[in-house]
Amino acid sequence: MAVFRPNHYYCIKDKIYETERFPSSEAAVSIAVLDEPEAVRLKVMTGEQQKLLEAGKAIRFIKYADYEDYLFCTFHIPLQKNIRKEYAELTMLIREKLLVIVVQNEAAAFLLSAFTPRYGGRVLNLERLLAELLESFVQNDLEYLGELEDRITQLEERAMDGEVTNFNHQMVHIRKELLYLHNYYAQFQDLADCFQDSENDFFVENRYFRYLSDKMSRLYGECQMLREYSMQVREFYQAQVDVKQNTIMKFLTGVTTIFLPLTLITGWYGMNFAGMPELNWKFGYPLVILVSVLIILLCIYIFRKKKFF
Amino acid sequence: MAVFRPNHYYCIKDKIYETERFPSSEAAVSIAVLDEPEAVRLKVMTGEQQKLLEAGKAIRFIKYADYEDYLFCTFHIPLQKNIRKEYAELTMLIREKLLVIVVQNEAAAFLLSAFTPRYGGRVLNLERLLAELLESFVQNDLEYLGELEDRITQLEERAMDGEVTNFNHQMVHIRKELLYLHNYYAQFQDLADCFQDSENDFFVENRYFRYLSDKMSRLYGECQMLREYSMQVREFYQAQVDVKQNTIMKFLTGVTTIFLPLTLITGWYGMNFAGMPELNWKFGYPLVILVSVLIILLCIYIFRKKKFF
Amino acid sequence: MAVFRPNHYYCIKDKIYETERFPSSEAAVSIAVLDEPEAVRLKVMTGEQQKLLEAGKAIRFIKYADYEDYLFCTFHIPLQKNIRKEYAELTMLIREKLLVIVVQNEAAAFLLSAFTPRYGGRVLNLERLLAELLESFVQNDLEYLGELEDRITQLEERAMDGEVTNFNHQMVHIRKELLYLHNYYAQFQDLADCFQDSENDFFVENRYFRYLSDKMSRLYGECQMLREYSMQVREFYQAQVDVKQNTIMKFLTGVTTIFLPLTLITGWYGMNFAGMPELNWKFGYPLVILVSVLIILLCIYIFRKKKFF
Amino acid sequence: MAVFRPNHYYCIKDKIYETERFPSSEAAVSIAVLDEPEAVRLKVMTGEQQKLLEAGKAIRFIKYADYEDYLFCTFHIPLQKNIRKEYAELTMLIREKLLVIVVQNEAAAFLLSAFTPRYGGRVLNLERLLAELLESFVQNDLEYLGELEDRITQLEERAMDGEVTNFNHQMVHIRKELLYLHNYYAQFQDLADCFQDSENDFFVENRYFRYLSDKMSRLYGECQMLREYSMQVREFYQAQVDVKQNTIMKFLTGVTTIFLPLTLITGWYGMNFAGMPELNWKFGYPLVILVSVLIILLCIYIFRKKKFF
Amino acid sequence: MAVFRPNHYYCIKDKIYETERFPSSEAAVSIAVLDEPEAVRLKVMTGEQQKLLEAGKAIRFIKYADYEDYLFCTFHIPLQKNIRKEYAELTMLIREKLLVIVVQNEAAAFLLSAFTPRYGGRVLNLERLLAELLESFVQNDLEYLGELEDRITQLEERAMDGEVTNFNHQMVHIRKELLYLHNYYAQFQDLADCFQDSENDFFVENRYFRYLSDKMSRLYGECQMLREYSMQVREFYQAQVDVKQNTIMKFLTGVTTIFLPLTLITGWYGMNFAGMPELNWKFGYPLVILVSVLIILLCIYIFRKKKFF
């Protein structure tokens, strides 16, 4: 069971149970999932923590602080497909045998409700629940990165076929997403490392956070590789644009080179000088035709040799 | 209370109080906020410290030295909005139970007067006051970085719509600011790390400086991300300039390719040769019209196929 | 002997032997090479390991997890020559005195069957077998990198001779392969380092994994060098494209500069004004010829001086 | 006092004194400032040290070797303003209670004579003297870097105003200087770190070398920032060159697009066909004038829409 | 003495002596310099070492392996001036009190024969001999790097004077050499570090390898600096090509802009309309001359203002 809903309480005793009271009277770990007004009403946070909650609203992705008697983390989880448009915003306050999750928008409520801990025979504890919860925040990210890779590959293939419109627009979008994801995973890995190395006594089994950190490291590395891939595709396209320009220039030069001499000749015999014997010479006109054809052939020969066409 | 004013004295006993004398007779930490002439008059600094004060006037942002019996830090805090135009210049001399702040210009006096320590129930001590004071120096920086991001995003959007004037001028300004801020935060983080790791006995609770270092690290990271973002936008614009050039070249080539052959034909039949039978042929003129139209159609067909227009 | 075949069992006692049962009753290390259905049927994996097996199907190259009582590694080994088209997919589960290899596709079965451990007089143990097996996965890679280098060198030489078609297409393929290989070796080295540093008791002689890690490091370095080399060749080609464009531009400018003035002159004396004394002047036509020749000579002189041709 | 002159001897006893003999008989630290012939004549160096002295003549900036019983450092100090043209060349041999400075050219003699130790009340010892001497080698460097920054800023401003001649030439000079300085400071910092970490017993108070290392680190960082700044300015200029080229292309295309159609029309009615009714039509000429004007207006309209001018 | 010749034996007892037998019966360190057939015949290598020898033939520069009871290093030393054309290939097997050098080609024999250890009064031991031998492999490299720097500087100067042919070809050669040298020194430094840190008991005085490592580090740094310098020169040339292109474009645009309007005018009055009063007007022809001159003057004025010429 255990779908985390706002303003419901839970406790962990090997497994996870919903409870009525908070904190639950027993020796178990208590969990409160609260929305912001309820968190304020219940006074679960000290004044200082309240200020941290406010300060957290300005962050980009993830911020954590490791205080002596509590851990405080703020999350702005980018929701895939339309990254940077919608974030699930939530805050976690961790104390000895206590986890308070403040749900700060609809998206966060939805994200929490989609989470179920997987405990295959093992005993559940706070660190394991937390690691699984945090991992659930990025559970579809590898797929999403795969989609981004497909989009880059498509751009690459279309650039190879020479039929790209809006290449630069599409590429700048992809690279922006990758830049932001790259920072997001770096910050998430820092958080996992902080949980793993924290000197407080809330967590016993640090290895769950090590696996989380490894996961983030893999996502970060994947992201980094896609950034380099996108860079290479961009450079390929740019190089193609340059090559294309040379082709256009060659065409222009070719057309100009063929027609200007011919036009000069026709202009020449269009002059109105009185004494131009060629004009009245019997073979004048046929010779001009011949010369014109020769010029065209010469140009074509030169272009072939210079690999213009 | 506690607005730090030049040439006033304060002491810390759990809270902060203004005092008449300096150092205050009690066992408390004494603070003197002095302007430069007053600092000289009171002889709060040794000859060597005086030299450090002078030497500090040439620095860019932040310099610190960790001597055996004192810490000496010089700050040139860039004031946002018009970065690199105005700096708050101040120097701190820290000894056992003593903090001397030398205010070196108006901006520094204003910066200090805007500071109030937030102590929510906790006891105040020197390290906490210092950390909060230093943090106050960058309190609006995240917002300012946000404004820079907005400016880059605007440039990006306008570049996408193709209506950019002075893109390069605006971008070079933004990137210069980011370059300087990037160095400023790096130096500030080094200072925080130095305070945290200092082996002297002035500070007991190092963790306040750790939080400060984390804050600087976040600002540094944000700044780094904006630098990469600005780089990507710049590259996008540059790529668009290249694509635009190809478009112009195609247009030029197209115009040239259509008109040069037609001009040749007209030149041809403008020649004054005596024996040009076409000129007097009945269908000469209509045929030239036809050929011209065919040439235009052929060109258009070729351009379509070569995706010129 | 010891060709690893799917659904056969082996054990290591100084040397490697094929056995009937799994695990072999003796105190030896047992090895099972299984295909996926057989692995499921025999229940060699716990539920959690089964989930790891599934999760591993989405990875790019290599994933490993170092649990308390077992090591779990998934391999997608790119098969050379047609990199990124075909992968040998297999998974290893390592427990105390136990190695289970799950063969997940035909290519993996082939890869395993091609492996023979080289033990020149030394005693075989699990770590040595593993290191040799993993090394066999990259045994032809140095040659393959050599082929990639040859391809880059060929592109370079052809670019130097100026006879490159599809340079960018070929280069983008090579760089993509190098990018992926670069990641592959990095991940493989991480695995080797993990095996070397693992705190479990499965492995005694870590140095075999150190040699493996050194091998991966060399492949990684080689790959990195080829990436830099390919970058330099790409930049050389790009620079040549730019130089070529200048050459074309110079040619176009030269042709235009020679013909436009001449065409103007011929147009001039093609005007039909009544009072143009030159037209009837005796030396009019010869002078125009002279002037035309002078213009051509002047242009050629200017082009020589400006190094146009 | 204490102006170091070639072929004079000094000793340190709290302060620095000039002496007649070398090494001075007392328990003080002895210093010899020698030119090369004198160093050879006095046999202050062993055969191996003599070889090191020779080998040092090929270095770029700084080389040091930390032997068991002596330290050996060679310095080629670039003299500012005309960097890479003139170097002060000197070598230091440090043994227990002994410092031999071999002055290898005029510039080095001048550099040494310009040095005075600043000891504000403190006691002088070998490490302090050395640190101050080495620091004096870079005492004007921050100012010089400031001048370089001003030169980059000037280039930037002139590039913004569009009135740059020889931008690339000036920039390549500045970047070369920064590249060399960047290496120089890196090597100097390595030397300072070596002195700080040296395991020999010549130095007691390592912190003087720490301050020296910090100073080098600041110079290195400043240099690095200027390199990035110069890169940004260079990229800005390059981008402006591209934008400028587009402007020129647009102008060329515009001129061509307006004149070619008009020229075609005039050519058309310059043909000598017998049956061209327009030529004799009453409104023929006025209509051609009208059409020409319409074409010009149409072109201007299109150019406005396409943002050509 | 001690010129190492193939198939001769040596021993080290404070100094180095040639001996008849191998290993020499005494307690000294034995050295054998062998060619490959002799090494096989004498069975100095185990089967595993023989395999390493074979495997070493595929490496690029340097490979080493640090086994428990022996060190095995393969060297492909690039011979300068024609780098990448000829390599001295040799292999070293180091055991307790034993050094076997297998000379694998002529170049290696020559390289060894050119080596003489410099021991100025000190006692010779294996580590010192090895360090000096390895150092002799790179003894002319600093000079060679100096020559490369001169070649880059020459390219730079010629690019500044604008008289470069084949700049890109020459630059790509230099950069390739630097890329390979950069890798070579990195691998050589790794070897020196490995020798220094090796945990076996063959070497007592590690510092000789530290000096070797420092030497490699200096060569690597020098190489890195030349790479950056070559990059800057390449960028300068590229920027000049761009500036040059703008100049050509301006020239083309200028020529076109002057001649097209004039050509239009001449075409205009070359039309054969019956009713063109200007043609018969007394001032028609002079006025056209005047207008043409005005157009030329106007163009020149515009070009001056737009800084075209």
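First chain written, first letter: the chains are A, B, C, D and E, and each begins at residue 1.
One rule holds in what follows: contacts are C-beta pairs under 8 Å (C-beta built on N, C-alpha and C of every residue); 3 or more make two chains touch, one makes a residue touch a chain.
Here is each chain with its UniProt name: A, B, C, D, E = Magnesium transporter.
Just so you know, these numbers come straight off a predicted model, no measurement behind them.
Once the centre of each chain is set as its mean CA position, chain C (Magnesium transporter) and chain D (Magnesium transporter) turn out to be 38 Å apart. With each centre defined as the average position of its C-alpha atoms, the distance from chain A (Magnesium transporter) to chain B (Magnesium transporter) rounds to 23 Å.
Residue positions 242, 245, 249, 252, 256, 260, 263, 267, 270-272, 276 of chain A (Magnesium transporter) are each in touch with at least two other chains. If you draw each protein chain as a dot and join the dots that touch, you get one closed loop, with every dot joined to exactly two others. The ring sequence of chains is given as A, C, E, D, B, with chain A (Magnesium transporter) as the starting point and chain C (Magnesium transporter) next. Chain E (Magnesium transporter) makes touch with chain D (Magnesium transporter) in their complex at residues 118, 120-122, 142-143, 156, 160, 207, 211, 214, 218, 221-222, 225, 228-229, 232-233, 235-236, 239-240, 242-243, 245-246, 249-250, 252-253, 256-257, 260-261, 263-264, 267-268, 270-276. If you check the complex, the residues on chain A (Magnesium transporter) that touch chain B (Magnesium transporter) are 46-48, 51, 58-60, 63, 65, 68, 168-169, 171-172, 175-176, 179-180, 183, 186-187, 234, 237-238, 241-242, 244-245, 248-249, 251-252, 255-256, 259-260, 262-263, 266-267, 269-272, 276, 278-280, 282, 284-285, 288.
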